[in-house]
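What follows is chain A paired twice: with chain B in the first complex and chain C in the second.
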Partner chain A sequence: MKLAKNYAFLRRDLKQIESTLEDTIFTDQPVLHEASTQLLRAGGKRLRPIFVLLAAMFGNYNLSKIKKVASAVELIHMASLVHDDVIDDSDTRRGKPTVKSHWDNQIAMLTGDFIFAKALQQFTDIEYPRAHQILSKTMVELTIGEIEQIRDKFNYEQNFRSYLRRIRRKTALLISSSCQLGAVVAETSSETEKALYNYGYYMGMSYQIIDDILDFTATEKELGKPSGSDLLQGNITLPVLYAMENPQIKASIINLFANKEQMNQVELKRVVEAIAKSGAIEKARRVSNTYLKKAYHSLKKLPNNQSKSALENIANFIGNRKI
Partner chain B sequence: MRQHPLFEHYTNLIHTSTKNKYLNKHLDNVFVETEKIQALDCLINNNANKENFILATMLVQIALNTHDQIDKQMDDQDIKAKKEQQLTVLAGDYYSGIYYHILSQSSDISFIRQLAEGIHELTKLKTTVFYQAYDRTDRFLADYSALNSMIIKSVAAYFNRETHFDFVSKWLLAIKLEREYSRLEQGDQTFFHQLVQDKLLKQNTTKHLQNLLKQMIHYTKRELSDYKKLLPEYLHPLTTFSVNTILEEGLSK
Partner chain C sequence: MKLAKNYAFLRRDLKQIESTLEDTIFTDQPVLHEASTQLLRAGGKRLRPIFVLLAAMFGNYNLSKIKKVASAVELIHMASLVHDDVIDDSDTRRGKPTVKSHWDNQIAMLTGDFIFAKALQQFTDIEYPRAHQILSKTMVELTIGEIEQIRDKFNYEQNFRSYLRRIRRKTALLISSSCQLGAVVAETSSETEKALYNYGYYMGMSYQIIDDILDFTATEKELGKPSGSDLLQGNITLPVLYAMENPQIKASIINLFANKEQMNQVELKRVVEAIAKSGAIEKARRVSNTYLKKAYHSLKKLPNNQSKSALENIANFIGNRKI
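And then the complex of A and B:
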């Protein structure tokens, strides 16, 4: 089943969000316009806007207001991706050239800043101070998560807690904030808001762990980048942490990291295969499932409706996704 | 050297609010353009949230200046240089996030929007200026002057103080040029030096760059001298402030 089937009833609203995104990034500066449009049209699951809409359905659903929130969080996500590609020196994303490879790093930086500014311009139409406090805190935390990711690169002595703290900041908070912002702007009860925030947080944790697993299990064609790319960048993810419980695998990872500048590709391939066969993937998947169960559990407090079913189905889909 | 109390106050605030252990370990202290604090202090007179507004505006300016430091390509860099560039990207994002966070805490939503509009306009202008060819120094200077003062201009617009902004813009440019000249003499290589070389110089030597900067300073100061009699009182601190004092303080991080 396709992910979109879970929220088919949102199709018309999502179309409006898509056109809001296009309208928001419009500019008469041709390079910025082309770069932002290319990024927007490269697609993506639009998970964050979907969570905003579904969360808002538990309160006063006013699309003209909600779509501004939904498009702003997606634009902030996009701005962070375009800067991430500079950080990771990535030439492709979702199989398409990145802004930095099509133009250069400078244009990518300006495009990210431009999209960030547009997101805030859009979001300041929302006059709920708390919504701004939530989003701004999330943005600061998101960047701290990315700084920590660089700090922890190639550090094979890091522990599970530092990994979980990092993905909380890097991924889970923007998803939980998307759910929370939908609730805040739709003026739901504080219990509903809390339940939706928790759902988003647990979903975000599960989502990132699955992403880290796919780096070892999906093909280059499916990923749009070579498998083992995280390890190549020096990122220690949950499957790697579990795999390093095996002293032989740990030794080969230490050996692999010994030459960071020119990592041995044959050795990298061998390590990726060893991790995939070590049982670490299954262990990581169990952690992801634990978060998913918590996400389901958070929804129990919410009234039964179409939106709740969709949130349950999305959790189910994310937990089983192959890409 | 002891800083002017106004600059010392805001420089401390900026350093405190941008504090991050890992960034501070790997990157230089943020460079504070004190002349912009002076300009903002004149433009935002007698507002209860003045301190927050100046701090947030300076953070936006610092964030965008930080992103200017990213090299067009990173291919040939060693691991240390690469890490510094990666952290520079994130440092800029971090400072932007803090600007938003500070203003959201005081519920200054309209000022968040105003600065976002400033960032929007500045990214547009930068994209044009950085990728456009120039055949005349005065045209480059006019565009660069607009770019240099864009964020401050958005604040002036917010407080309905745009009428004499042309003067503020040239005053900021004069100080910027003096600083860049001074840095060149000290042997520093800055983003501005590279930009001027790329846009205006056929011969890539320090001497040529020095001469061109001298001409730019002379030209800007001559234009600046025409304004003095016409200025409103709130801008008088800019005319009486010594350019050299600001320069020296700006350089003593």
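And then the complex of A and C:
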């Protein structure tokens, strides 16, 4: 089954959001135009806009307002990816060259800045001060998450809490904010808003854990980048943390990075496979499932409708996703 | 005379803005905290906050609102400087090591992102939708200006219009927006707002031209960075454009950059001196003066008060500033 089947009824609205995204990043500055449309057209699941729409369906669903929120959160996500690729020195994303590899780090930095600014400009039409507070706070946390990721690279002694705090900031908060913002502009009750926020938060945590698992279990074709890319960057994710409970694997990881300049690709592949087979994946998947159950549970109090079913199905889908 | 003499009556309010700035960028993330306070404490003229305050004095001066606007524009300015130093690979600013030289480009990129986000978070308390539109539009233009600056580097065939358009985006708009935002939150008449916007715009143009002149005429001590730094980056500023009207100087500039890797420092110094003595400085100063006169003229219709005198005096000061 495809993810999109879960929200087929949103197809027309999502199409509008797609053209809002294109319109929003329009500029006659050629480099910025090309760089920012490149990532946009590379696709992506548009998970955050989908959450905005689905959340808004619990209140007054006004597409002309909602699409601005939905495209703003997607653009902020995109901008953070562009900067992320600079940090991680990544050459491909979604199977396409990254902005930093097609141009350079400077252009990537400015393209990110530009997309951020355009997202905000789009968002100024939203006349809910609380919506602005939610979005800007999320942006602050996102940046702190990025810095924490740099700080925690190659730190083999970090604990599970550091990891969870980091993915909360890096991923979960923007997803929970997407749900919450949908609720805010649709003027739902505060209970509904809270439930949707929680759903998004737990979904986001689960989503990132699955992402971190896929770095070890998916193929290069599925990922759109080489397997083990995160590990190669020194990102100590949940599977790595679990795998390192085995002292031999821990030693081989530390050894792998002992001389980063002369990274042995064969050795990297061996370590990736060792992690994949260590039982760490299953343990990480269990943590992800715990969050998914919580996401599910958050929806309990919400009225049964098409949107609720879609949110439930997405949770199911994400838990089993292969890409 | 010192610049600060022109607005001594704002001393107490500016002190409050200084502590608002410190409070706004507070974070318990150590690297972000250190990197963002470093630039803040390196000082600066706080020109943009001063313009916000002075503009607001033409309406309902409510410091608790105004200080949020004033600190937000200063932080956006600061964030753009941090990213600017990455683009220009600058090691010193205001006589202190830049974030990118003290840490690295990645930390500088994220510090800029962080300060941007914190500025926006601060600004969400301002419940004037138009203020948000003004600020986000300015941020978009600022980024486009940065990209244009990269594009136009070492482009010896660019014309005056490219230069003016670039400094409009890079500098003038944030200054005109500072004036305008002060007027918006003080709820002045739209005529007053327009006059203040124009003042800021012309001042900003003049300010940047003087900045570009000082790159050739001020000492390293005065600038807080080596003379000729902008030229070294390949930035073709107004004095360079005028100097290149002399074919010999143009040839020597092109020759200087023919082999960037083996830049001859003696030759650079010689070219800087040739530009300084070519008459280009005087021509550039004349353009700056034209803008200053327009800035002055923009204030004509405004009522006479302490703020208007200060704005006039600042225009005088900026025109003759040595640093």
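Keep in mind that, in the parts below, the second predicted complex is superposed on the first by the 322 of 323 C-alpha atoms of A that agree within 3 Å, B and C clash if a C-alpha of one lies under 4 Å from a C-alpha of the other, contacts with A are read in each partner's own complex, and residues count from 1 in each chain.
The rule is simple: contacts are C-beta pairs under 8 Å (C-beta built on N, C-alpha and C of every residue); 3 or more make two chains touch, one makes a residue touch a chain.
Predicted, not measured: the structure shown is a model, and the values here were computed from it.
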Room on chain A for both chain B and chain C (clash or fit): clash
Which superposed partner A:260 touches (first chain B, second chain C, both, neither): first
Chain B versus chain C as contact partner of A:191, first or second or both or neither: neither
Contacts of A:118 with chain B and chain C, given as first, second, both or neither: both
Contacts of A:91 with chain B and chain C, given as first, second, both or neither: neither
Contacts of A:220 with chain B and chain C, given as first, second, both or neither: neither
Contacts of A:109 with chain B and chain C, given as first, second, both or neither: both
Intersection of chain A interface sets (partners chain B, chain C): 27, 29, 31-32, 83, 86-87, 105-107, 109-110, 112-114, 116-118, 120-121, 124, 127, 129, 132-133, 136-137, 139-140, 142-144, 146-148, 150-151
Of chain C, residues touching chain A in the complex: 27, 29, 31-32, 83, 86-87, 105-107, 109-110, 112-114, 116-118, 120-121, 123-125, 127, 129, 132-133, 136-137, 139-140, 142-144, 146-148, 150-151
Residue ranges of chain A touching chain B (in the complex, touch as defined): 27-29, 31-32, 80, 83, 86-87, 89, 104-107, 109-114, 116-118, 120-121, 124, 127, 129, 132-133, 135-137, 139-140, 142-144, 146-148, 150-151, 260-261
Chain A-facing residues of chain B, complex: 20, 22-23, 63-64, 67-68, 70-75, 78-79, 82-83, 86-87, 89-90, 92-94, 96-98, 100-101, 103-105, 107, 109-110, 112-113, 116-117, 119-120, 123-124, 126-128, 130-131
